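Heads up, there are several structures right after this.
Okay, so chain A shows up in both of these, paired with chain B first and chain C after.
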Partner chain A sequence: MDPGFFAQYLINGLVQGITYALVAVGFTLFFGVLDVIKFSHGDVLMLGAFTALALFLGLDQLSTPAWLSLTIMLCLGVIAMALLGALLCKFLVLPLKESPPLNTLLITLMFGSVIREGVRLFFPNGSNPKPFPALLPETSINWGNLNLRLDSVILIFTGAMAIVLTHLFIQKTRMGLAIRAVAQDEETARLMGINFNKTVLMTFALGSGLAALSGISTGLYYQEINFSMGLMLGVIGFSAAVVGGLGSIYGAIVGGLLFAFLQTLGAIWFSVPAYKDVFAFTVIIMLMAWRPTGLLADRSAERV
Partner chain B sequence: MVSMLTVDNLTAGYDEADVVSNVSLNVIEGKITCLLGANGAGKTTLIRAILGLNNIRAGLVTFSDKDISSWATHDIASEGVTCVPEGRRVFGKMTVLENLQAGAFLERNASVVMQRLKQVYDFFPKLEERSDQLAGTMSGGEQAMLTIGRSLMSNPSLMIFDEPSLGLSPLFVKENFRIIKDINEKGMTVLLVEQNVRQTLEIAHFGYVLSQGKIVASGSVDSLKNNSELRAAYFGSA
Partner chain C sequence: MSQLKTQLVILIGISLSVIALYGFLYLEHEWEIGLLLVALPVVILLLKRANMLIYYQKAARLMPRFTLVSFVLGVLVLILLLRHEHFALLMLTTVLLYVTVSLGLTIQFGFAGLVNFAAIAFFGIGAYSMAVLNHYFHAVPDLLIILFSGLTSALLGALLILPILRTRGHYAALITIAFGILLRTFLEVNDVFGGPQGLKVDGLEILGWDFADSFPSVLGGGSFYMAYAIAALLLAAAAYLLTRLIEASWFGLNMDSVRLDEVASASFGINAPRWKITAFMAGNFFAGLAGAVYAAMSGFIAPASFNFADSLLLVSIVLLGGIGNAVAVIPAALLIVVLPEKFQVIQEYRLLLFGIVVILILRFRPSGLMPRGLRQYFTGNSA
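Moving on to the complex of A and B:
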């Protein structure tokens, strides 16, 4: 293949892969500390993107410069979803801790529908796709067949930074130690003086904030968002987390990048882009059959 | 004799059943108090209730004159109660050092943590050699050492040992009891929960015997050694 085309696919795939990895890290964190699957994760991502859009519409009225708008949208969007994640955990997930995991799965699935339908009904003209402002610099350089957009580079860099910071937070800080301790042995962690509920809330806030970042990145990249965008991204993020090994952060990153790679490969082979997801999911299903506990996790799957 | 931990008429259990009922005991400051009982006597349930891991149905738990009956586990820990849990529950995917740091979770001052780390390493030189090793890959005896070191890292005023000899080789059991005795001789108050009657009575000062959820005998170790019921039950002679 022409190296220009190859590089183009690689860059596009990386943008996608980082987005998926951000979602997958959330799934893996929630499962790590609480053994739950939170199926409203994709819808929280979507709400993060819509929150940012609403903020933009307001800031635009005040003719705020683009970089300032973007900073405010990112910060407030991420913080708002982190709060929502913590509230969701406190009122819907933690109270169900002693009940069967299926209940948590169902209640978060339903909560996701509430968010989704809420946006569709109450966001002005919410059932139609919404243009998302192109706030990143639009410059690009052409290099043979490669059209390197600066916004792609920024998105890859930001996403990768977010994942690296999350990793450092979990490995190097006191709160991160608490998260790892809770993930490995909840009761012993509590005996060490670690506040279990606080740690779990913190983890949900962290994962949900990453989902908001992922949603806003998606908006900035495609310059369009819609109320159901979280469904597909949620399923992809979940698959990525599972195929990498639920509970492992490295697994989530590998899973996210792998899914994007498979989509790209599918798009190249079949030359009909619609088949790319069919191809990617088929391979993921085969991988799961081959390695049921994930590529990077052993039987006693490492938690966070 | 000052009672550091006082359990007063405590009843606790799971679901509908009471596993321990109307249990009262005192853990005397600076001494080793032991709680003996066979499998299923309710030792672990009692300890879990004291530590806030199980609900208390009725009764009071007082630690240093504070009523901790309804406290959360992490708040009880921050008062200075630590537990070396049954079955050597180390954080297997963390290094030895990280396990010890987790033990000192409540201490925010890094230099104090370093100081305690040095003390623990002096006590268990093996842990220093293995500080970068994943705890899950160590032998059972080393993990037992690590759980004790981890508890010491919190600078506790009361250490509860939940069946420390369970599943250890006889050599390590002996070593473990020696360590507990050492820790106590440095001034630590200890509540030792055990099935191993003979070796426990060797190092303890006071004891309680739990049978089917009730205290059936209590007193100084000497009086327990001469207690005919206990002798019949555990030593096989009247």
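Moving on to the complex of A and C:
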């Protein structure tokens, strides 16, 4: 293959892979502390993107400069979703802690569909795709067949930074230590004086904030968002987390990149573009049948 | 209670519920339905206070076959009464088909504890097999084709067995969700199956009776949906009977034990994978059968009718009724299918509302409207 095309596919795949990895890190965090899957994750992501869009429409009236709008959108979008995640956890997930896992799964799934329907019905003209503002610089460089867009580079960098910061937060801070302790053993962590509820809420806030970030970057990259984007991104993010191995941040990154790689491969092999998802999911289902605990996770059967 | 008295109690109970059902389907104005919705719970509560409900429940437990047969006959009468109401019959048929799928989900969720968020995908597989088989094998009797459609659905579901057996809980949920999305994408891009435009389906013809013809004029004629309503009724009744038989037999007991504690049941020599596979295949078989009848009735199918949201709706039915309770899916399906049709206002908001309802149920009454009772092995008066 022509090196230019190859590099192009690589860059596009990386942007997507980082987005997926951001979603997958969220899944991994929730699963780590509470052994639950928050199936509304994808819809929180979508809501984050729509919150940012609403903010932009407001700021546009005041004719704020692009960089300022972007900063405000990012900060407020992430904070709003972090709050939502914490609220979801406090009122829907923690109270169901003792009931069968199926109930937690269903309640978050339904919460997700409530968010989705809410946006579809109550956001002005919400059932149609919405154009998302192109706030990142649009410069690009051409090398042969490679068209390197500056915004792709910025998005890859931002996503990677967010993941690194999350990792540092978990490894280096006291809160991170508490999160790791709770993930390892809830009861012992409680005995050691760790505030369990606070830690769990914090984790949910962190993961949901990351989801908002990936929602906004998806919007910036494709310059279009719609109310159902979260469903697919959520399922992809979860597949990525599972294939990498739930509970491991490295696993989430590997899984996210792997999924993007599979999609790219599918797009190259098949003439019909929609087959790329069919291909990627088929491989993922096969991988899950082969290694149910994921590629990188610890091999304890309890997790499966 | 003497046998005659028991039968009488059952007949009264069934007649009352069929009358309520008739009102629910026949009434059109929103205030009428609203009145019914307020009146029904009041009546049920009053009956409960007067210890009448317990009476009926006991009687129905004593003679389950008699109850089923009289209910089926009651609904048949209802179909005859509604024979000129196209819309009411269409709704009744849809409810009955949803009941069939939900019974499949009851076996999977309620008995074996297998999550399946792709119910509508298996329904869709049944519908597409119906369309394709009926088109290419015209000589084969339609009854066989419906059966084949159910089998196709079960067999394609078998593809998921390995991943589902090796994973549990959330992972299995993901696999079924992914499968549902995958199937829809596949149908949309595949030209053999009509792509996004979908396929036309020929109507049914069973035992020389072409369903497209109006009803035999001896009985006064009737809507074209009447035949499908009867077919769906028989299908739902058969599915109900089978579900109940499974529940009452060792099959159901084994499935329950696998759901409650897989390790413990394995140590008692129960082959957990075997029961999971049985439950999964049986549930998908039901969904496939219902899908086949649905396809023949609607005459046209497209990938857009088999959305993830519909799978969620089916799960809501099972949950609203009470996980594992086969009877409960009937009122639940009725509420979830018919209410949005009757109240045009909420049609647009139905997914939102059902989402909220399910969240509230899970939060405050996780066992559903009609929780599953304990198994009864001894049906005598002493029990």
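To be clear about the criterion, the second predicted complex is superposed on the first by the 300 of 304 C-alpha atoms of A that agree within 3 Å, B and C clash if a C-alpha of one lies under 4 Å from a C-alpha of the other, contacts with A are read in each partner's own complex, and residues count from 1 in each chain.
As a convention for this text, a residue touches a chain if its C-beta (ideal position, glycine included) is under 8 Å from a C-beta of that chain, and two chains touch if they have at least 3 such contacts.
Just so it is clear, the structure is predicted and the values come from calculations on it, not from any experiment.
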item: Chain B versus chain C as contact partner of A:Ala181, first or second or both or neither; value: first
item: Larger contact residue set on chain A - chain B or chain C; value: C
item: Touching partner for A:Ala134 - first (chain B), second (chain C), both, neither; value: neither
item: Partner chain in contact with A:Leu168 - chain B first, chain C second, else both or neither; value: neither
item: Touching partner for A:Phe196 - first (chain B), second (chain C), both, neither; value: first
item: Which of chain B and chain C A:Ser99 touches, first, second, both or neither; value: second
item: First (chain B), second (chain C), both or neither touched by A:Leu57; value: neither
item: Contact set on chain A toward chain C in their complex; value: 36-37, 39, 92, 95-96, 99, 101-103, 105-107, 109-111, 113-114, 117-118, 121, 231-232, 235, 238-239, 242, 272, 274-275, 277-278, 281-282, 284-286, 288-289, 292, 304
item: Chain B-facing residues of chain A, complex; value: 174, 177-178, 180-181, 184-185, 187-196, 302-303
item: Interface residues, chain C side, partner chain A - complex; value: 109, 113, 115, 117, 160, 162-163, 166-171, 173-175, 177-179, 181-182, 185-186, 188-189, 308-309, 312, 315-316, 319, 348-349, 351-352, 355-356, 358-359, 362-363, 366
item: In the complex, chain B residues that touch chain A; value: 51, 53, 72-74, 77-78, 82-83, 85, 89, 91-94, 98, 101-103, 105-106, 108, 150, 154
